[in-house]
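Listed next: structures, encoded as structure tokens.
There are two complexes below, and they share chain A, which is joined by chain B in the first and by chain C in the second.
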Partner chain A sequence: MSRQRRIHPWAWWGWALLVAAATSLTTNPLLLILLATAVTMVAVVRRGDSIWARGLWAYYVFAGVIIAFRLFIHIIFGNTSSTATVLFTLPRVELPEWMVGITLGGPVGAEQLLAATYSAMQLAVLIICVGAANALANPRRALRSVPSALYEVSVVIVVGMTMAPQLVLSAVRVRRARRLRGRTTTASVILPVLKDAIERSLGLAAGMESRGFGSTRRATGRRWSTVLMVLGSAALILGGYLLLASGDVFATHTRLHPAAPWTILAGVGCVVAGLWASGRQLRVTRYRPDPWRLPEWAVLACGLAALLMMIVQLRTDPGLLRPVTSPLGWPPLPVLVLPGVLAAAAPMVIDPRGRMPRPVVVAR
Partner chain B sequence: MITFDQVTVRYGDRPVLDEVSLTIPEGDLCLVVGRTGVGKSTLLGAVNGLVPHFTGGTLAGRVLVNGRDTRTHRPRDLADVVGMVTQDPVRSFVTDNVEEEIAFGMEQLGIEPRAMRKRVEETLDLMGIADLRDRTLTDLSGGQQQRVAIAAVLAAQPRILVLDEPTSALDPTAAQDVLSALTTLVHEVGMTVLLAEHRLERVMHAADSVLWLPGDGSAEVGPAAEVLARADVHPPLADLAVTLGWPTVPLSVREARRRVAAEGITLSPPGPLPRPNGHTERLRAERVTVRYGNLTAVHEADLSITDGEIVALMGRNGAGKSSLLWALQGSLRSTGTITVAGVDPRTLKPHTVRHHVALVPQNAGDLLYLSTVGDECRTADTESGAAPGTARSILNRLAIDLPEEQHPGDLSEGQKLALVLAIQLTPDPPVLLLDEPTRGLDYPTKARLSALLAELAAAGRCVVVSTHDVEFAAHVSSRMVLIADGEIIADGPTRELACASPVYAPQIAKVFTPHEVLTCDELPTRLQR
Partner chain C sequence: MRHPAGPVSDDAPRTLTPNSAVMVAISMVAALGAFAWPLVVPPGADVQQQTLAPFVLAAILPLILAVTVSEVVNRTMDVKALALLGVLTAVGAVVRALGAGTAGIQGMFFVLVIAGRVFGPGFGLVLGSTTLLTSALLTAGVGAWLPYQMLASGLFAAGAGMLPRLRGWAEIAMLAVFGFVGSFAFGWLMDFAFWPLAAGQGGELSFDPDASIRHNLHTFALFNLATSMSFNLGRAITTTVLVVLVGRPLLVILRRAARKAWFVEPPAP
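Moving on to the complex of A and B:
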């Protein structure tokens, strides 16, 4: 019996985050709808049958709620008197003197409402990107392929994900048992459930201990990896600050702080070296890990293409990406970005037919 | 292979093991026996160093496992020598899928990937679970989970396998599957197996030696037949040996049959079946059906029980026994008619149902939440509106001595069961339902429970016990109901049903078949030499 080879979970996350980055550069509703369609098509066609894949609809509900909430807030609070096209007028509530600057009710302008819709749509598509990644990449499998320095942390998270549903089951069981004694109080349910959880954890810890968890970790060289990680994180934070302080990163007119790229580069270097040094202390092997090959690179490249086309458009004619709503009008379609949207949808057809490969040593 | 040298283990002041010295040779299947609380789990834990590295306490002396001292080797350093399977396999599962669970131990030991792949396949075949490889662990039945748990420690290719009550939660057939997998390991692979079990009748025929813990801190190892003849745990065949005056215990039904044949022992025909002494119908169920979504757990069950009856409800793991009991109690949604002591329990409030029907669930401890035994008893009195001291006096009648101030969490399984039984009997319900009460009970406690249930039945209650324990069912019940796949497939006197079934026959019945006999108690009056 062979297992179908799947795309590496981190490749899906990379693709989804790149498409999300592209999304963050535009509020053009046509583009947003196209991007959402592309991401949804990929997610629906390529998701597996795990429990995570079945949760995709929840993200759409969430996205819808966000749009509705944004519009609701705008209609209630976001009104100015200087509007060209008045859709309807809400009764205005007079607020006391000290709440100056906040208006409640009043005329609702079509231009402002449209602008609010555009920005809400942008947020909704970002959420759909995350939802798609979650449906496509089983988080359990994703955690199985983290750098070996983070191996123990990932095992702990995986165990936690297993324990949560078991805790619910034991709560149901105890509640049912408690009803046999007539009445149910909170303490009478919580105490046995907690006791159960603690006993379960102890049993699991004993089981993991006697199965050799952590037996290959050596204590030597731990200090160096810690120093490297701390230095790297500090550099990354500093670099991030410098980058964000210089304004819109991709636009033509911004001037990056000269030290920003170098600080970030040094930070990444330190973190990678730290992870590598820390991983060397652990000598675990992995059973049938997901490989990273051509299809994975292709999926990443698709996401990158979407982002690049967006940046090209931004540098040539940024106006098309952020259409004005005043005066009212049909938003323009930036033709240059369309190949990028197609690229975002391309992972639909990247299908690595083949068997799961043999296991490989990932840390030594 | 395993050497204990002057080993003393203490938690606090009291030594659990006191200067124990013993050796278990390679390739032996050694059975650890003893009553509840004599230190079986402590002894097993000491083999791979969980005692005292993980549990605390102090250990004096030396434990050598395959030449390694547990003093200098942590349990994780012994993972490639000792495989440990705990009582409840579900609690020790780390992953959620069979194949990954089997590979987990090897990943920790850094075993070379090609070897790892090969060993997973070999282990799947060895335990006969290759068809389960992609399944989710929680979807498996109890027997399958137990075999996966064994496979998961076997994959690291230890030389020693330590198991704590591996068959206690399993139905007779699943227990046989697990045991035959273990015997394969001993016979074909040369594994040393150390196994603690209360239900000796299930495992003793495979044992080479027996390690008996009498309870005073000492330990005695020797050939199974000799040690069992002296030990204070009496599986049915040991009772038979005592009744027939044999110096050693026959380890298998086959051996007992040979001895019986050699001595020319036959039995007189049994007396007429005792008439059910009840007149009043206490419990009536018609076409009771329980559904969970698409799954039908109980399908149109019909049952009528009169006072004075003890009914044993038997069937495979997951056949619907628990669902039927919970439906009869009224708190599980069901269709059909249920009448308990004249009323439908589903229409009553929880605190009123208690006066008509009591249920002792599988995890009896779930009912306990206060900090002392005394508090639990007093709360039970107020909950059921009984006179103060009712629960306590019932508890005393169970002849189990429980100090008022003891914490319920520190009680043994038998003591917990007694306390919960006392609490549930406080409102004096005419119907008593017990779900799998014998798990983790030793023979004397089981005998006391049988006597108690008989007493309750004689006082006019009706009792339904669901159990996997065929010996207990043979001892206690007058009537047997077999349930398979949610349907009641047989309902009749225990003697007829148990003696006719290859799975549910107690060992004494198997020894004397085709004569119909259930327990050793009947033998003295019926023996003919």
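Moving on to the complex of A and C:
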């Protein structure tokens, strides 16, 4: 692995989620294509050499499947009896009585099909945003930077990720041995592999324990962390409910329940404080931690700029973000959002100079 | 695994400490809200909200999951339990990756049922979450659906840990039935939460915020029957067949590991 310093993995996640939030505000196909291009370019230019960096194509395939599935559902089940431009007409099938009110086929209107395509494209770009984050942020390094309350869980996941390829090798070995004896059933391969894995886990536990893993846990301040976490989770659930039950999430209408954002903020605050208090019980150190400096803030700011430009457009002229498809026409290009798209692509050139910091052990 | 009553007989599902029981209950309430959100959406909600709701919830759920899992792990697990959890996570992730290409041949739920049964609801909840997360990291499957999958499979395994105490073939039969029903429930919950997204708006099989709950459930049942019945059925049958064929030996292996792991009485917390 090269020693070149890379952007902090959580910064990439923050950037991608902010761009995704911006994406969720528009169904304008021109903007969607621009945003997808920006995100993909950043991912292709800045991804590392880890195995996850090659996963972006899988998200593209999935996005394509989503679009195809939505259009298929729309063509077969779409209710387009009142359409202006009929593209083609499928034979109508009347379904039996217990499927009340459902008919298959019928005329397929260009306007409705276009609207369905726009909204499916939005979903596809959201998926591509997540795929870009996945390609840019190495999960092994992201796991190293979790809060210490989640340290033990992150160890479990690292053990799982490390063990998985070994299990496959172990299965191949057992299968070969069984075949030489002339008898292979599924059970005769699965069970020895599992038995082997369980034995190995007990050995691993002994090794971890003898090196002092988890022996610095103190039992102080437990009650507070639990109270905070319970309160925080309850507030999050309540806030989520208020948000859903009150209409528009970004308050373009005035139906947003006034308490919803505050409840969610309070919930997040309580959860963070609870995790912090819980993490203080465990004293662990980090080897060569990923630094969070100016480039990381810059990457986050790029995502935020994209979202802000979208919100500005939403406040001034929301129509450009949701182009009408009836009558049919070329969608307009909201010029105001273009700087936001550029900002989303800007992390391409944000390059943290210098090398990885010297190996140091830092207390969490 | 730190247990309040010290080493216990190996057939007793491990009970949770009161604190972690509260957290598990909270995550269940959160799950209920997250999966049933189409029923909460008020009449007249616009298109944008229907698209956005699962993503907003997918941002909230990881926090609740983090809190629950950290609470259960920090309170009830020692190094041996963590190592076992790691290895079983790897097993589940590999099995899930193997079944990814085939429609519905999904053995992961078998591992979750048996492990949840042997190690109890708390262990099951964490195992379900870590298995899905690890598998997603290994196969580039991270997305808005991941928190939902983690929660649903965690509750599935936790449910297996809460089943009544039975032994012998009665236990296998119970686990097989649970596996069948649970696999279906998993598929229905996942599909229901993402149904308004998957089916789009305004179609015959689409979610309609203005319609009654009964009408929406009926539409969803038809949509689900048309699109993912084969996946759900395949998953349920695979789980049941594996429980019947390999369930007993795996129970024996895990119980033996449990007994070994509790060989030395842990120090009082």
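Of note:
Here is the rule we use: the second predicted complex is superposed on the first by the 346 of 364 C-alpha atoms of A that agree within 3 Å, B and C clash if a C-alpha of one lies under 4 Å from a C-alpha of the other, contacts with A are read in each partner's own complex, and residues count from 1 in each chain.
One rule holds for everything that comes next: a contact is a pair of C-beta atoms (placed from the backbone, for glycine too) under 8 Å apart; a residue touches a chain by one contact, two chains touch by 3 or more.
None of the values given here were measured: they were computed from a predicted structure.
Touch criterion not met for A:P9: it reaches neither chain B nor chain C. By the document's definition of touching, both partners, chain B and chain C, reach A:G214.
Residue contacts after overlaying the shared chain place A:L204 against chain B and chain C alike.
When the shared chain is aligned, chain C comes close enough to touch A:M229, but chain B does not. Chain A is touched at more residues by one of its partners, and among chain B and chain C that partner is C.
Once the two complexes are overlaid on the shared chain, A:F69 sits against chain C while remaining clear of chain B. In the superposed pair of complexes, A:S188 makes contact with chain B only, with no contact to chain C.
By the document's definition of touching, neither partner reaches A:P347: not chain B, not chain C. Once the two complexes are laid over each other on the shared chain, residue contacts for A:R283 go to chain B alone; chain C is not touched. Once chain A of one complex is fitted onto chain A of the other, the partner contacts of A:P334 are absent, as it touches neither chain B nor chain C. The residues of chain A shared by its contacts with chain B and with chain C are 155, 158-159, 162, 187, 191, 195, 200, 204-205, 208-209, 213-214.
Contact residues of chain A toward chain B in the complex are 1, 3, 140, 155, 158-159, 162, 173-174, 176-184, 187-188, 191-192, 195, 199-200, 203-216, 283-288, 358-361. Contacts from chain C toward chain A in the complex involve residues 19, 22-23, 26-27, 29-30, 33-34, 37, 40-42, 44-49, 51-53, 55-57, 59-60, 63-64, 66-71, 73-74, 77-80, 82-91, 93-94, 97, 126, 130-131, 133-134, 137-140, 142-144, 197-206, 218, 222, 227, 245-246, 249-250, 253-254, 257, 260-261, 269. Chain B contributes residues 48, 50, 53-54, 74-80, 82-84, 86, 88, 91-96, 99-100, 103-114, 116-117, 120, 133-134, 152-153, 156, 326, 329, 331, 350-351, 354, 358-359, 361, 363, 365-369, 380, 383-384, 409, 423-424 to its touches with chain A in the complex.
Considering their complex, residues 17, 20, 24-25, 52, 55, 58-59, 69-70, 73-74, 77-79, 99-104, 112, 116, 119-120, 122-123, 126-127, 130-131, 133-134, 139, 149-150, 152-153, 155-164, 166-168, 186-187, 190-191, 194-195, 197-198, 200-202, 204-205, 208-209, 213-214, 217, 219, 226, 229-230, 232-234, 236-237, 239-241, 243-250, 253, 264, 267-268, 271, 274-275, 278, 281-282 of chain A touch chain C.
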